[in-house]
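Here the structure comes first, spelled out in structure tokens, and everything after it is commentary.
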């Protein structure tokens, strides 16, 4: 058994960590913190955890967190980087579900997140927690930058094409759609059901923080720069991301289906669908799977990839637990065996 | 007052024609037909029309339809082409809301719709009813091919770019999303709320019937062939289409905002949003507007256009009435003044 | 033409007043106020009004409002009562869409709304704006208390039974369900789509402010006290209220269908459905109708009434305009002719 | 390990059995049948089961089913009663998730289900599978009538009040709301998302098949007849039932909270919420819990009970597995430990 703490447990990512960890046979939850809700029983905020999680929120206490083997940060951007150095010094391993350690270049980080980085010296050490690319590094990491939800779906979707150098790197398009839980659990007019229900729109068309993260992932695979057009959209539903990706194929006749199937054959959480399939987000709702389909419509030289995940699971808490399992040499799929809830 | 008939009034397009025509001051509804529901009062099927539409469905009767000044076909594909020649001979004007007269080449039509065309000799005469391109031809037409819902949103979105020859015609991408009313009002498992609610997916990725229609529209504007990748998606909501369009700009520095504003300045139903805006589908729900925004994200040489319509109004019944208004020299906006229902 | 002002125009009720008044042929909108958004163009907040409403929000200015013939208050509870006396003194007629003038007894008001009443002397004069009960008084009123959304649906549903004294007044149950727009347009965690989408619950079971309002309505019809159990619920949708009402019938064999049809025969906005019907909320979406059905299931001596309205139209802005039409001797249905948007 | 078969596996109840049984450590799935889909891989119909369920649908074969230890019927009403006698003769235990064995009186069954009963001699033996009432009988049963979804929610809600004889049995009202998955997975216009999304209505107001089932449950607890008014409604969401129950209290001052807490203290799947709580359906989504709250609003002598379940889990497949666990002396909660998926 390892002792695990969660900093910032009142959001959807925190709640999802609790849902999954409550059934993890090798984990003892020893602390969950929230400045705003300290003293409140977790199950009073999240009734689905009644009878299963009997912790109460506490103030974030470095002493108590320092006794954990692992601490998850389910906090807003900019929080983990302030607490990370002290916890690492105490020998605690860290998984940050926010963006603090995702971008390797602190200047790029500061440009997009609009604040100075508190510990740029850790950026090189931090391992980007996408097991399908960095599994071995994750096993021995102290500090994991858990990927963003959009970057998980888009990177896994483009990965085989870029690894093989099959597409024009100057013409990558990611048209991505997310359920509203991606916006988090905080009061706002813009995310009221009366505002976003029964409607659909793009947002952040001029530039979104996940664009440089995805571009960094793809460029490191490709070994060169590229141009990615990334347009996120907001779906009138709660969970799920679908990414439709477009790339210009360099040469005709490549067996895309075989490429994808081979690349992901041994991945426990990436499922390549049959040719012609259209994965729906509900097929991964509540589960840690990414389902992918690839095709070249009408033989026009454009590869179209569809990639779906649950933004709170493979896009956040599930992937974090997958990383934890790797870091502590547990079975990689432990506590992640839930099948999707369909319908 | 003109006498108007509707063939096939039990679907959503028929219901929407009724909703709008019920308040049209120059129209008398004289017949609405349905083989399956003949004898039933319209208001028994559509309770929102109670007290406002007192017709009953009748069998399609050429005699009675022949007395109309105008007949709308809100029928499945393949119906209007069988009845059109006889009605035209009697001097009735026709607007087909299905696909029978949309494609100019009968071979292309037969390929995508999988049946022989019953009156290919009418294809040349039929006017494609998109007033923003063919307003003058519509005024004097006998036979209108009312555009498809996706083609309306996509064509209006790409139009200014293609008219000016600003983009690479081999690299047009249309990632388009529709509410479920686009699938029509017919029994199916795939459109049950338990199947499509709270979920999202692409469909028809390998090829969709609206692709050749859009390609035809764009090619006729451009004067040359092009390659369009068109991927439709299904939204967990009822009304609305959003098209996000991607095109490679030939030269940098063009004022896209000014281009769009100028092109649509005098159009009563196309609203170009301010730079940076993201139109949502609810802003046109129930109305005949198309709202468009254009931008070039991160200065990467890719134009991104967003275009939203209500698929049942500007994408079907509303546009049909706009065409009717033009054909009969009524005010173009008559009975189409409804503002969108928001929230 | 009359000059109309709206105080508090940034909520859903204000937006709905604008949508309906923009097409009212006898109304000139002369002012719309908002402290928080003064200076902002209305159409920048509500894009569905682009091109149709060109006002900007202004600070509430008694001088400018004093020049209006009528002012609507679409404000939080407690605002109208502070401004009403001065405006009435200037000869302005007032319709308050909040609760300030709905309860006749200031002590009851203060108990439920938790603040002292600023002008209890006006409570006797204020006319409760439910035309189906108070049409004549409304015609000559200076000050209208526009009914709450739940009270409109429940009162119209129970009305014929209580007028005829057919039911046990100690055993009235109203199980009522509302879409989320009833909670208004203000930042909150509880009304996020991720909180209220795809879920359903009761709320305020211990007591809700609309209970005394409904009880007052029913008691005044009945001429005696009664006991009403009122339980509101929150629906995962935007617009619409459905009330299912239960009452113990005093004597068997009464023709309930005939009772309701007769009572509402001349009402322009109350539609009694055929026996056995189940009105759905979409059949009134965007329209000013209340649709009602009544039955006695299994002959068990319990009358069950279903009553549906659009909470923002007949439950708020539409009813307010109906009242305005009566106060200014316009056609009662003017600008309220919209049919429901279905699907 | 026991060998389990499922007859009729293409509906939502069948899919949910598969989702839950796939992770049951004591069960081997040996057959799943469907006449319509024989030959199709289960995972081709239900992609969320890809990689986890590798069975294909087969024709219902008595020989193969006869080798099972237990067979679940997830079939339409009227199917199980035809196959049950032969399978029981072979020593197979049966759990019918349809209605064939729920009503004790074959005449009542025939009245409501409109067909003769094929094996009325089994009705006395069949045990009604609500563990909270019949746990001991279930342990030794050969044939279980798995309760309906509405009857589960309503019976558990009323149970403590009736066991104690606290309420007027002539005045029981159940106003119940269900998500659309309750209508099953079959083609229909009425359950299209465009028909039932963003709308709400009652249905079956004149009489619903679950009324006699609930009445039978309550009468057997009470030991006398009663009058239950039961009105079901259709929610614009997929999973979940909420029942709001109304009953006239015989004597004031009873501690309802204590009554419920005591009654359900040892029940693993019934959670009595704190006084004043309003359980939402999402708090049980995907889980086998029933959450209940009870109150007496405004001290008016009417008890109001709220009861929520997931109609596909505690209302169908989960409860069936709970029954199976009891019948085979497994831990009662085995494979039912999933926490609800929230948000």
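A, B, C and D label the chains in the order they appear, each numbered from 1.
Methods note: a contact is a pair of C-beta atoms (placed from the backbone, for glycine too) under 8 Å apart; a residue touches a chain by one contact, two chains touch by 3 or more.
What you are looking at is a predicted structure, and each value in this text was computed from that prediction instead of being measured.
J.: Tell me the rotation angle, 0 to 180 degrees, that brings the C-alpha atoms of subunit B onto subunit D, to the nearest 5.
T.: 180
J.: So, comparing C-alpha centroids, which chain is the farthest one from subunit D?
T.: Result for the farthest chain: B.
J.: Can you give the whole-Å distance between the Cα centres of subunit A and subunit C?
T.: Taking the mean C-alpha position of each chain, the two centres sit 45 Å apart.
J.: Please compute the C-alpha centroid of subunit A, do the same for subunit B, then give the distance between them in whole Å.
T.: The separation of the two C-alpha centroids amounts to 39 Å.
J.: Taking each residue of subunit C in turn, which ones touch at least two of the other chains?
T.: 12, 179, 181, 185, 194-195, 197-198, 236-239, 279-280, 282, 285, 343
J.: Could you list, by residue number, the parts of subunit C that touch subunit A in their complex?
T.: So the residues of subunit C in touch with subunit A come to 12, 179-181, 183, 185-189, 191-198, 236-238.
J.: Where on subunit D does subunit A make contact in their complex?
T.: Per the touch definition, subunit D meets subunit A at residues 12, 15, 19, 22-23, 46-52, 181, 185, 197-198, 238-239, 271, 273, 277, 279-280, 282-287, 291, 337-343.
J.: Can you tell me which positions in subunit A touch subunit B when the two form their complex?
T.: It is residues 171, 173, 175, 177, 179, 194-195, 197-203, 205-207, 211, 227, 229-231, 233, 235-240, 242, 244, 246, 248, 276, 278-282, 285, 293, 295, 297-298, 300-302, 304, 306, 308, 343 of subunit A that touch subunit B.
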